[in-house]
Amino acid sequence: MSGTTASNEMAQEGVEATLAELARAHRILALNGHVNMSLGHMAWRDPEGRGFWLKRSGLGFEEVGPTDFILLDFNGRQLAGSGKRHAEWPIHAEIMRLRPDVAVTAHSHPLNSAVFSACNAALGGVCHENVLLHDKVAYYRKAQGLITTPEQGRDLADVLGHNSVVLMKNHGVTTCGATIASAALSAIFIERACTAQLLATASQLPWSGPASEDLVVGGPARLELPPHAEADFWAYFGRQLDRSEIVR
Amino acid sequence: MSGTTASNEMAQEGVEATLAELARAHRILALNGHVNMSLGHMAWRDPEGRGFWLKRSGLGFEEVGPTDFILLDFNGRQLAGSGKRHAEWPIHAEIMRLRPDVAVTAHSHPLNSAVFSACNAALGGVCHENVLLHDKVAYYRKAQGLITTPEQGRDLADVLGHNSVVLMKNHGVTTCGATIASAALSAIFIERACTAQLLATASQLPWSGPASEDLVVGGPARLELPPHAEADFWAYFGRQLDRSEIVR
Amino acid sequence: MSGTTASNEMAQEGVEATLAELARAHRILALNGHVNMSLGHMAWRDPEGRGFWLKRSGLGFEEVGPTDFILLDFNGRQLAGSGKRHAEWPIHAEIMRLRPDVAVTAHSHPLNSAVFSACNAALGGVCHENVLLHDKVAYYRKAQGLITTPEQGRDLADVLGHNSVVLMKNHGVTTCGATIASAALSAIFIERACTAQLLATASQLPWSGPASEDLVVGGPARLELPPHAEADFWAYFGRQLDRSEIVR
Amino acid sequence: MSGTTASNEMAQEGVEATLAELARAHRILALNGHVNMSLGHMAWRDPEGRGFWLKRSGLGFEEVGPTDFILLDFNGRQLAGSGKRHAEWPIHAEIMRLRPDVAVTAHSHPLNSAVFSACNAALGGVCHENVLLHDKVAYYRKAQGLITTPEQGRDLADVLGHNSVVLMKNHGVTTCGATIASAALSAIFIERACTAQLLATASQLPWSGPASEDLVVGGPARLELPPHAEADFWAYFGRQLDRSEIVR
């Protein structure tokens, strides 16, 4: 076996392992409020630079397995995998094009995030999840239909900018990150944050969050999670998924 | 075996297969917020023109099986099947009389739709489900009790007009379509749309949906689902049902 | 065996069968939002006129079995059964004393009814459940603590009057009926009605119910359920319970 | 075996039995709305005065078993057990330092309590749970980030004072008690109380609770639970847990 072949095999194994983890991330989001029929999808940047691996269309988040991904180039041409592409593939293509730091993107329609996106309000610091996201959320209000062209995808990516989350008016949410865990955790956090803020505003009580000056780096209300926090949270959701699948 | 008998047998098999699918549609609606004791019912236009097949009374949506239907003519006379008719059979009779394009009707009392029906408001474009239904919903406010006479059924059918959904004030919702999938999906979408709008209005935030001019055919906020979308969604709900019944 | 003994045995069998059904009613209420730890209780008038059979204390609604009842006289003296009496036994004693037509009473703390009881508002006709109860609900606002004395029980019974339901301010709800089914169904309906009305008022939309003149006997918005409706509903809940217990 | 060794063994068995019960308390809180990933923790004062036993970090409430505790002294030094300490260990250290009557503390982020904490309002007597807690809740608004230093812990303990519950603005809740049951029941009650009050205020209806003069000791709206009530409630939740774990 030549060195090249061996390294290809290793790369292939790496891709398979990552797609298995990406499939699990879909199922974890399913347990945390992100199911909307067969809508929504996550994507992972191909490590060989060919484009990105996208969940194939037609499946709910709770149904995604390791082989349910297709490889698309940044123009949406299907390079590998069987199954159809989601019409909103340009969301992922254009974010990854604009953001070299992003390896994973997630688009979904969780109910409270979708409703909050309609409310023309900015996320405030109701709970810790809101505070964690407070300077990482952008608001896309230019279009409310599907994002099906590169131009629309670029618009969305431009609005996202350097943030981790973009709320899409009357539509849903897209998150991104350097890892599966970070993109998925942002998706889970934004839904809890929007749920909390809708509850707070509905209460008619004079709710408030931390003052802006307390939220600056080093400020007393800024949440600086320890380095292992993301790994801990993600491991927790992995075990939550395992338990849910054992029950079945 | 004569040709007629063979064709009768095939027709009979077609009826049985469709009623099995109609029973599954009841159980799918049960998983999606449409259970209210033994109330609510779907109907399917008899392919031989004799009237319509109606879920028999006394069963919850989650309990309906392939033989739980009775054949009524458009005057409510029971032609086949055992079990009693629901008192509100005229809903189905009169809609099918007025709308030759309609093969399937669904009447139910999902909580958020029932509450929203009381609110004297029009559905706005909070989320995609609302947008999908925005020009397909009628509002029946003439009567708030049961629809038990042909006259009441006709009133309701007149208000429904060419739409897919009619919200019935202080009561519930009726949907219709050319297929089981389309009538059932409208029922699922209207409940999610009403849930979203109640959340948005309760939030006290200045929510808004797409502008009317953006919702016209070809407009940027109009959702034009690809042709396979309805089939994809319905297949998803079928698998959701299968999983729920395996668990039991 | 003397005739008297045989008739005693039959009576005893009748008591056992009814207490088994009363236990099931507790478990049905548990499935429909009435669990609040070990609080809440139903009672059944003793057919021999000795008093009433009350769920024993210390159990949640979902835990009640056929032997979890004690016989109390109308002064609270324990005549049969093992286990302790709930401190609020006078609720049942005084309603049964005042209302010879009542055979069954239910007291519980479902969340939305308890919250609505705090809201100093009258039930309006948001949905059919509200309309069914619209002229059968009384409002007890005199005391907000526990009902532990015959005097407090009598106050409550006086306010209940000829109604089927009394909302107890900052506390919960008590229902009554001639049968287990009717007392339990009123408990289920009042919780759904309060849930619906809280959703409607929270929406800030101008909700309304039928006009009073449409709700009079024979009026177009009055719901006159067919005679078999209560039996149908109750049978439905019985099957719901059976399914939930098979799953375990 | 020397007497000292025997007594040590008995003490050790007592510690193990109590930590098993403390683990169950975490799992009971998990069933009652207190899960937020791997966040939140309960602690128990070491009976030998060495400090307190704290749930180790990285686990969700539903995952805690009898060996998932570490012994910390009041300065946070780890004396026994494997696993890492939660960063907010000073919450427990400082409350126990200030309150010799407290043997158990619980810190968590239930959604409705966290949202209510943001609302700058005082708990009112919507339901019985609110009334039970009405004079036992303090409001900590000084800091909204994590409590990670002894100074911050002391601030929190000072605000808690002689109460059983402290709502922590934009964060969550901490409860304490002389027993596992009392600390855990306060955590369950505050979440139900906050849920009820958010529902009441959202309703826009003129809700009210008992007048202050009726809530004084001996007043008609004061809830004086019988001595066995706490044991009954806690036993109920223990059975609820057992049933949930049998299902798995």
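Just so it is clear, A, B, C and D label the chains in written order, and each chain counts residues from 1 on its own.
Criterion: a residue touches a chain if its C-beta (ideal position, glycine included) is under 8 Å from a C-beta of that chain, and two chains touch if they have at least 3 such contacts.
None of the values given here were measured: they were computed from a predicted structure.
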Minimum number of chain-to-chain touching steps separating subunit A from subunit C: 2
Under the over-half criterion for shared residue numbers, do copies subunit A and subunit D use the same patch or different patches to meet? different
Note: subunit D sits from subunit B at a C-alpha centroid distance in Å of 47
Distance in whole angstrom between the CA centres of subunit C and subunit D is 34
Shared-contact residues (touching 2 or more other chains) in subunit D: 202, 204
Drawing the touching chains as a network, do you get a line, a ring, a star, a complete graph or other? ring
Which pairs of chains touch each other? A-B, A-D, B-C, C-D
In the complex, go through subunit B and note every residue touching subunit A. 125-128, 131, 192, 195-196, 199-200, 202-210, 214, 220-223, 226, 232-233, 235-237, 239-240, 243, 246-247
Hey, which residues of subunit B end up touching subunit C in the complex? 37-38, 57-60, 63, 87, 109, 111-112, 114-116, 118-121, 143-146, 170-172, 198, 201-202, 204, 248
